[in-house]
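Labels A, B, C and D are assigned to the chains in the order they are written; within every chain, residues are numbered from 1.
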Amino acid sequence: METMIKVTEKVKLKKPILIEGLPGIGNVGRVAAGYLVGELKMKKFAELYSPYFLPLVILHQDSVAHLLKCEFYYYRGKKNDIVVLTGDTQSISSEGHYDVCNAILDFSKKIGVTEIITLGGFVAVQEIKEPRIIGAVNDKKLLKKYAKYGIDFNKDHPVGSIVGASGLLLGLGNIMEIPSLCLMGETIGLPLITDPKAADKILQVLLKILDLELDLGKLEKIIKEMEEKINKTDTIHKEILEGMPKPKDDVKYIG
Amino acid sequence: METMIKVTEKVKLKKPILIEGLPGIGNVGRVAAGYLVGELKMKKFAELYSPYFLPLVILHQDSVAHLLKCEFYYYRGKKNDIVVLTGDTQSISSEGHYDVCNAILDFSKKIGVTEIITLGGFVAVQEIKEPRIIGAVNDKKLLKKYAKYGIDFNKDHPVGSIVGASGLLLGLGNIMEIPSLCLMGETIGLPLITDPKAADKILQVLLKILDLELDLGKLEKIIKEMEEKINKTDTIHKEILEGMPKPKDDVKYIG
Amino acid sequence: METMIKVTEKVKLKKPILIEGLPGIGNVGRVAAGYLVGELKMKKFAELYSPYFLPLVILHQDSVAHLLKCEFYYYRGKKNDIVVLTGDTQSISSEGHYDVCNAILDFSKKIGVTEIITLGGFVAVQEIKEPRIIGAVNDKKLLKKYAKYGIDFNKDHPVGSIVGASGLLLGLGNIMEIPSLCLMGETIGLPLITDPKAADKILQVLLKILDLELDLGKLEKIIKEMEEKINKTDTIHKEILEGMPKPKDDVKYIG
Amino acid sequence: METMIKVTEKVKLKKPILIEGLPGIGNVGRVAAGYLVGELKMKKFAELYSPYFLPLVILHQDSVAHLLKCEFYYYRGKKNDIVVLTGDTQSISSEGHYDVCNAILDFSKKIGVTEIITLGGFVAVQEIKEPRIIGAVNDKKLLKKYAKYGIDFNKDHPVGSIVGASGLLLGLGNIMEIPSLCLMGETIGLPLITDPKAADKILQVLLKILDLELDLGKLEKIIKEMEEKINKTDTIHKEILEGMPKPKDDVKYIG
């Protein structure tokens, strides 16, 4: 079986910008992506399944089982449509990370994605007063474009590498010639503990870039609504990862 | 080498229902499936082999070696023919679980399977008086269909995920549009210790669903007959798993 | 990269019987196979390479590096030509075992192999006076054919499974309809310590089956000659396996 | 996703000799290769990416992310053009080593490579006065050709095997009929600590073979310039490898 993307609604998108927010450190990306999906009332149009996810289904309240998956949502924007990619999980193996990201980029090419913004967290090395947003791009030329949003592109920030989807989408995106930006929010969070502060800060920057106005006051409420779902998959992840004796590719990741 | 299914008898089946019962917690699914095969005098028509099984052959009494395999049996039913999938093992790797289940579903499509029922166990969190049967479906609409059989679809049961074939067949089955039900019997059993009580309870529900009448009084006897075979593969499994230093995908599974 | 077999001499073989003897417990199979190759002055005609072997080359005395490989040799027999498969290693992963054995069998079909005899060791559970030779077949009908050679096909022998090539060739050989026999010599040996006694006993049986007369008095001498080579690859194997922290598929094997 | 080579400049090369120097013990090969690239002002013409590398991107000073990769550079020589293959990393899995080396050799064939020289280190078993250069070839005939360069091809040197790219390129190169030499410099270095002395010694031999005259006095300076880059990827490697609980294929390698 291969990683596969199932299109659930055929849509024609206008120069879409892809926003990726998958589980990771502080759940920063996932929470920010989930907020957009909820607040913009985005519609799902595709699902991604992969043999590189954990081999299990999750049960919902009503005993309906579903495979671990990632989901693509869309929103009709002014100049650009917006596509959000979020989901239950990332790959559990090293090769799987490449495979899944490659599938995402192939699909992005197919639907005409013109730009990718990936969202993640990074662990603070000191006490956080106001979480910093550190940025990375996959093409030097983009630095100028994103100079005005208060993103830290300074060389002395503490991030030396980005592991997982948020990083690989940039790296592989460069080969496929899709300009991409990664926004990382500073967090004290452990991999699977949600940090709303960093998500809030990342959303402020992201909304400016996307030229959208949304009430971030609802973020806390939205996070509460997401919590049941996040807790469930997080608990399962943690239980299984603890039950798995020394998984070979359980690298600590930021993305 | 790929996962492969070898058809040993070409049969045309009438709207078959596939019952899956492979080794797992309490051997609940395997014992229940084995009972059906024995009592209904089902005939084998296909075998499944996979490079994701342990790389060994098992010797039988007469020194005849056979690969670890799963087997498909059929029975001519009234409205629906019944196909039982049972076997020696499940995949030992995470990706292998997806690959094997995908092969099972491809084959199911080919032989016209209209519905899948997977059988498994789940570990009780408290003392068991009468084992509960917890259910999960891969389509909300099925909840009504199965409402009358005393299956616990209630949201406060203790099962949050189903690992292995019993779960993945539901999840992947949904993508392939095969309506599927998972029945899980409550057991105190460890992964490879047979629990006849849970199997008995699961069979009661299953026979009602399949509209079959069989004497479950023989279950204890049948289990005894199956025991030599089960003990052999179980011992081998246990020995090998113990000998394998920290297999990466040895997740605890229900299916 | 795939497992590949490179033919170094094109030969037309007469109903060849394939004898497999690869590294394993007590090196029984490898030593017996090496003896045949040496004593019968067999000629190499093919080499097998696989990405499932350790990723290294071995240096010989003259600083010439070669990949870990298996080799096919042939000998012109009376009724049947004889092909011996021996080599430096077996697969280091579980799926690799299936892949390599599948490649061996595809090649066997291509060169017209009519029968396979695999050679291995099994660890004695008690003190050995005279090493027993335990047999396994992949088709019940073969038991009669091999009844007269003093092979123990009795059901109460201590072997319940055969791991690795010696086992899988039987199992997969059955699917490909190549009748196959496995001969296992009783040994106190650890996986990589050569046990000439078991090899001697297995050769006695094998020569009778093949209807060959060879002076086994030279076995000790031959083993000495083989030792430098065996020691080298064994040391490398051991060092690397020790250096590898908990390889996932380091199953203890007989084959 | 497969290992892939992206050609960034189409060049026609004259009987090119490929020099491989990737990260390994003492970084000997990588430093020597980097020196050639720098001193000869070589031009990059291709990049290699692989799903068998760690799933991450590295950030440079200016926050530009790039995938872990290997790079091909060329230099117009007198009789032969020179191609240098160097990079951030080697494969992190055993099968990956075969896959990446196979891709390198396929590409080498395509661009007409007539000879390969791989560079590596080996750990000294005693105190080093003057680092020895030990050699290995993939064809006995080459021993004569390289006899005059002071390379130790003597049978009693301490190297019994070569793990990783430097070894596999020889081994697989033999199958593809590309004559190849491996030069290994004696070092006390740990896998990821640069040893300029061994690199210096290996360069002396290499320059003689390539009939090039270069000022090795600059080596120390060049190494300093490379250090920031090397330190960065080395730190990331070390951090990630430490964070990865018991990677299965983290074999200690020479290449």
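Odds and ends about this structure:
Assume contacts are C-beta pairs under 8 Å (C-beta built on N, C-alpha and C of every residue); 3 or more make two chains touch, one makes a residue touch a chain.
Small disclaimer: the values here were computed from a predicted structure and weren't measured.
Where the sister copies subunit C and subunit D meet, the same residue numbers recur on both sides for under half of the interface positions. Rounded to a multiple of 5, the C-alpha superposition of subunit B onto subunit C involves a rotation of 90 degrees. Chain centres here are Cα averages; for subunit C and subunit D they lie 36 Å apart. The mean-CA centres of subunit B and subunit D are about 51 angstrom from one another, to the nearest whole unit. Residue positions 246-248 of subunit D each touch two or more of the other chains. Those residues of subunit D whose C-beta lies close enough to touch subunit C in the complex are 91, 94-95, 97-99, 102, 134-140, 143, 153-155, 157, 159-164, 167-168, 170-172, 174-175, 182, 246-253.
Note for the complex: subunit B touches subunit C at residues 1, 6, 49, 51-52, 54-59, 61-67, 92-93, 96, 232, 235-236, 240, 243-248.
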